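The next block holds one structure in the form of structure tokens; read it before the comments.
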Amino acid sequence: MTTPAYTLSAETRARLEGVSTASVATALFKRGLRNQFIQGVSPVCYKGRRMVGQAFTLRYIPAREDRNPITVFRNADHPQRVAVETCPPGWVLVMDSRKDARAASAGSILVTRLARRGCAGIVTDGGFRDAEGIGALDMPAYHQRPSAPTNLTLHEALDLNVPIACGDVPVFPGDVLLGDGDGVMVIPAALADEIAAECTGMESFEDFVLEQVNAGAAVIGLYPPTTDAAQADYAAWRDRTGR
Amino acid sequence: MTTPAYTLSAETRARLEGVSTASVATALFKRGLRNQFIQGVSPVCYKGRRMVGQAFTLRYIPAREDRNPITVFRNADHPQRVAVETCPPGWVLVMDSRKDARAASAGSILVTRLARRGCAGIVTDGGFRDAEGIGALDMPAYHQRPSAPTNLTLHEALDLNVPIACGDVPVFPGDVLLGDGDGVMVIPAALADEIAAECTGMESFEDFVLEQVNAGAAVIGLYPPTTDAAQADYAAWRDRTGR
Amino acid sequence: MTTPAYTLSAETRARLEGVSTASVATALFKRGLRNQFIQGVSPVCYKGRRMVGQAFTLRYIPAREDRNPITVFRNADHPQRVAVETCPPGWVLVMDSRKDARAASAGSILVTRLARRGCAGIVTDGGFRDAEGIGALDMPAYHQRPSAPTNLTLHEALDLNVPIACGDVPVFPGDVLLGDGDGVMVIPAALADEIAAECTGMESFEDFVLEQVNAGAAVIGLYPPTTDAAQADYAAWRDRTGR
Amino acid sequence: MTTPAYTLSAETRARLEGVSTASVATALFKRGLRNQFIQGVSPVCYKGRRMVGQAFTLRYIPAREDRNPITVFRNADHPQRVAVETCPPGWVLVMDSRKDARAASAGSILVTRLARRGCAGIVTDGGFRDAEGIGALDMPAYHQRPSAPTNLTLHEALDLNVPIACGDVPVFPGDVLLGDGDGVMVIPAALADEIAAECTGMESFEDFVLEQVNAGAAVIGLYPPTTDAAQADYAAWRDRTGR
Amino acid sequence: MTTPAYTLSAETRARLEGVSTASVATALFKRGLRNQFIQGVSPVCYKGRRMVGQAFTLRYIPAREDRNPITVFRNADHPQRVAVETCPPGWVLVMDSRKDARAASAGSILVTRLARRGCAGIVTDGGFRDAEGIGALDMPAYHQRPSAPTNLTLHEALDLNVPIACGDVPVFPGDVLLGDGDGVMVIPAALADEIAAECTGMESFEDFVLEQVNAGAAVIGLYPPTTDAAQADYAAWRDRTGR
Amino acid sequence: MTTPAYTLSAETRARLEGVSTASVATALFKRGLRNQFIQGVSPVCYKGRRMVGQAFTLRYIPAREDRNPITVFRNADHPQRVAVETCPPGWVLVMDSRKDARAASAGSILVTRLARRGCAGIVTDGGFRDAEGIGALDMPAYHQRPSAPTNLTLHEALDLNVPIACGDVPVFPGDVLLGDGDGVMVIPAALADEIAAECTGMESFEDFVLEQVNAGAAVIGLYPPTTDAAQADYAAWRDRTGR
């Protein structure tokens, strides 16, 4: 385990709760980071509230039958169980399940414990069992699809807080995750504050544009604002709305 | 761009709004067209109303990094933006995204503009960003799955109104699209009127059959109606219901 | 067709209606059966009620065009139609569609007939057409995704009640299927009674654990119950709740 | 097991040995059969000689662990072993392995036995183990890729001589298989004689065309021969070559 | 059709014949172009000689049955035939087959014609029929896998010399293709001269490194040459070898 | 890095050089290990000699662009370079490339260095660049397919000698790898000696069987040897051949 140097501030967390994964994707794209969207995952049951938190990681490798009988769960050091008890409140447990959803990455009891401990969410590029129970929790959860078989069938929990792959994206412990209805973006820790600030402005502008479009405006010249008129309108809108 | 010769009549549009993609698939199958169902797409948020309209097409190719910086959107001729402003009211914008949903084909602002312009719908074999916003619109939208990254990441908008592939189906500008809860059928323009007429009759018969089945009838002999009794019952039902 | 020797008792059925696919998966895993979860299917429209029933099977092979014109449905012996009329009440029709959802495995009229006949459910590793109509029925249905094209496009119905593959799982006629929100487990007939009994106990224990976790308990030592305290607490809970 | 009515004549066999899978594919396409090429298989080690023979089929379903211990091979009735001993000389053993090559469909000892018995070839849409040994035999073999694990790992041999799927193609017992460097075509038994005759002519014409092209001719007007000159040249070539 | 502005010089062609796709990939990577390797294609029969030439493109879309009977080949304007007769000598015919190798992109007669016309090669992200015949030609050919069915089964030839996708890479008419045993790189026309020059130097250095490694040198410090000794050795080697 | 406790003896190495991956797969299957065959890899250029050695592992995660410029190779601690210089002679370098062959796992210079250092082989579930050069080496190499792009495009080298996934198989440092024409088996270190011994006997028996089959024997009763005659014949053969 390494100790991530970055700590998400309350201000950046609040800002990120107000921005979309689409805006973050664009802001990272502008910086040359084109591959930070976790591919192939969706919310278990989206409730219209964003997930924001730093990544606490769990790495699975394929399960070898002799090392993964049902009795391994009796071991107090089993990494999956330890992960659930040590992921810090406000953080997100991110699992590298090698995109294999043929067996579960976790089930509702463990995810409930994570929620009760105040964690911010859970993400796997595999699947959850008892997904209905997980979807009923208040804490956001993202996966590929439901999967009833126990994780021991295909996944051996191995490492905590090492860099992992999740849905083809590198996730370093301490990176900041943002989840909404589209899915989950991974923001490198060192960029989180500036991305949060920049995207807050982007959201303001997009709200203005959407208002204009709903009022009948064309997008060319407005989005992006290449005309003087569009820029003036936006300035006026900002004055008027205080954003 | 080519100018499609066929124009969807109000009568055919109305008929198609009353038939299912399943009926259209069967009617096309009878004519030897076995591959007109766009594979792998589903409604962003189905509202129980069918999508009907002619195809206005947009072709993407894979994005080359040097040709697709964020600044291309400042170009008033960017094909994606032009598509959104020129797809005719009542038509459907259909995008060839090469079945690649790792980046978005479009986002909620552009799709909102399309809806405000009176277009009939939008279809991509890729994904939409801010899918929640798109799902909240009244206009039908079909895609593979949500995807936050900007289209510039993987897609370069190239052509308008050329024949394209969408979900393994050929789509010619002016073809008629029908979408429902199952997905989207592509009806060759030259067949749209006769398919609409034939399917209207099929729907009438299927409503009769469903009524019979709900009343306890067996399907053999009834669906299709191979017995004299079944044919007589249907004739009587048509008299009674005026269909 | 073979006649399965096992008949699901009312007691076992009732027990299975109270257990999750996750519990069954674990119980089968303990017996060395690691591959009984039908991969890649989900409920058409889940209503919070489990599907329980023995398997009546239908095998499709790829359709050869000359053998599968639309007129084959006029044949009173067409295996798909016969399946719908002969699957026993309380049983589940399970279809081997070779995981190919590019054409439908069945549509709403046939599935409605199956429901009216008192069958317990329908499962395909392909797709259904008019999935909306099927989702509106009270009978559970599981598939990969909606698919409008008629089954004749890609599937020839061939055999009834032979062992099949469904979603990479072997299904023998008479096996017991359990479906919930996660998907469908296949329980070998010979194990159904003991699995049902064992899982009933597992569910009781998991309800206890969930209650503890919701009250703030940690999972290590409790799940599984490796401490004397956890075992005593569970014994007391069982006394108190009568479970 | 059913008894196929058709028997491949020596004349048709000889003709098919002289035609390519490409020609057969085109001849079947002209008759509306578009899906007779076994997808995803290639020769284990191609030796420039075509495989021709009728199909003797073996169906695998996914292996359930308790039914497939290593001891099942002691059973004299094990269908895989029986297949190897009963596939008629001159026929081809075709296996439905559900396109799953993660475990073997057969190994070199069984395939050697098949070769020694005078069979014409073996095809699986899975993989062979000890593929090197199989490639060293004189008898043609087609598979997806080599695979070391025993078939018991994933495949239970179930049925002999029932219609099957192989590489997304329906194969009926008695159908005629033609294999060359491109792969394997399945010719419905009832069409074998006429396809063989027609393709013999096509090969003659293609040899003529290739000679012309190698001599510098353009393909337009020649292939197909739409000009009078091309037709006259071909007639002259046939006279000259006696084909 | 557009007319590409760039013409490959004899010097750049000669240089590219001496460099590997790996070197070109690295040189493009340094310029921010990370996606120029055509994915999923390999030489039909590699002969140790590189393919170099500018791209002449052919776009296929999925075939609609009524538009693609066998008789379309009688049409002197059929784009596939026209492509074969108009691709300039020294150029490479590149086909967008949407990565679908279930039917052929072309066969040996057309490819022979292309070779006789002095073209530099042919590439498809689909498959070739009569791949053995194509492999026997002197002209390089790259595809996914052999495929016997006629292109009409799944591909309608539509456009010549428009930008296309091939193996997930954008290919613009006039781009320079380099093929070797690894596969095919697409070099944007505007970069071809500088890439050829830079890679010539890279190859020289790699030959030096390989000589050193074969003589027992470690790679760290040498590859890349971060030590003064390594740089001096390379300078001496260049003096000695005249490269 | 952990230090594996097991060291492969010369005797076990010699035995394994005489057995096939198929035999090892069966021996592991008998012990309940069903998933030890690395899926999807093949020899770069098979030379009829087996690869045997213990696993030295390298783990890649997806590359983040800002962390993986070309200059990282100047770093003397870059894990890929360190792996090549520290993998012990007689061992096999095994790379977890997450089954992603869109960019290379390594190229010919590094693999040549590995060969010169006396390593026993290299395995990746991705691809190699300059595969032709690697295939020309005497040291065995296994991959998915050739891939020209530098590993920096998609892979960041992260860890040495941690447990990894390779082709869906868990590989622990020190496990014993056996490669032949079929592919690569992973033998858990603790089982290597007994598996080598058992398989040596299996190979002896299979050689006997193959001799019998080539002489015209049927497989039933012989393979496995369920008859007294078969067992007596084998005993006699062992006496005669000294095996």
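Chains here go by letter, A, B, C, D, E and F, matching the order in which they are written, and residues are numbered from 1 within each.
In this text, contacts are C-beta pairs under 8 Å (C-beta built on N, C-alpha and C of every residue); 3 or more make two chains touch, one makes a residue touch a chain.
Keep in mind that this is a model prediction, so the values were computed, not measured.
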{"item": "Furthest chain, CA centroid comparison against chain C", "value": "E"}
{"item": "Over-half contact-pair match to D-E, picked out of the listed pairs A-B, C-D or B-E", "value": "A-B"}
{"item": "Most distant chain from chain F, judged by the mean position of its C-alpha atoms", "value": "B"}
{"item": "Gap in Å, rounded to a whole number, between the CA centres of chain C and chain B", "value": "32"}
{"item": "Chain B and chain D, separation of their C-alpha mean positions in angstrom", "value": "39"}
{"item": "Numbers and ranges of chain F residues touching at least 2 other chains", "value": "32, 34"}
{"item": "Pairs of chains, among all present, that meet the touch criterion", "value": "A-B, A-C, A-F, B-C, B-E, C-D, D-E, D-F, E-F"}
{"item": "Complex interface listing, chain A residues touching chain B", "value": "20-22, 24-26, 29-30, 34, 37, 39-40, 42, 46, 48, 180-183, 185, 206, 209-210, 213-214, 216, 218-221, 223-224, 226"}
{"item": "Residues of chain F defined as touching chain A within the complex", "value": "31-36, 61-66, 98, 100, 156, 158-159, 162-165, 168-170, 188"}
{"item": "List of chain C residues in touch with chain B within their complex", "value": "70, 73-74, 76, 81-82, 84-85, 102-104, 107-110, 112-113, 116, 129-132, 145-150, 152-153"}
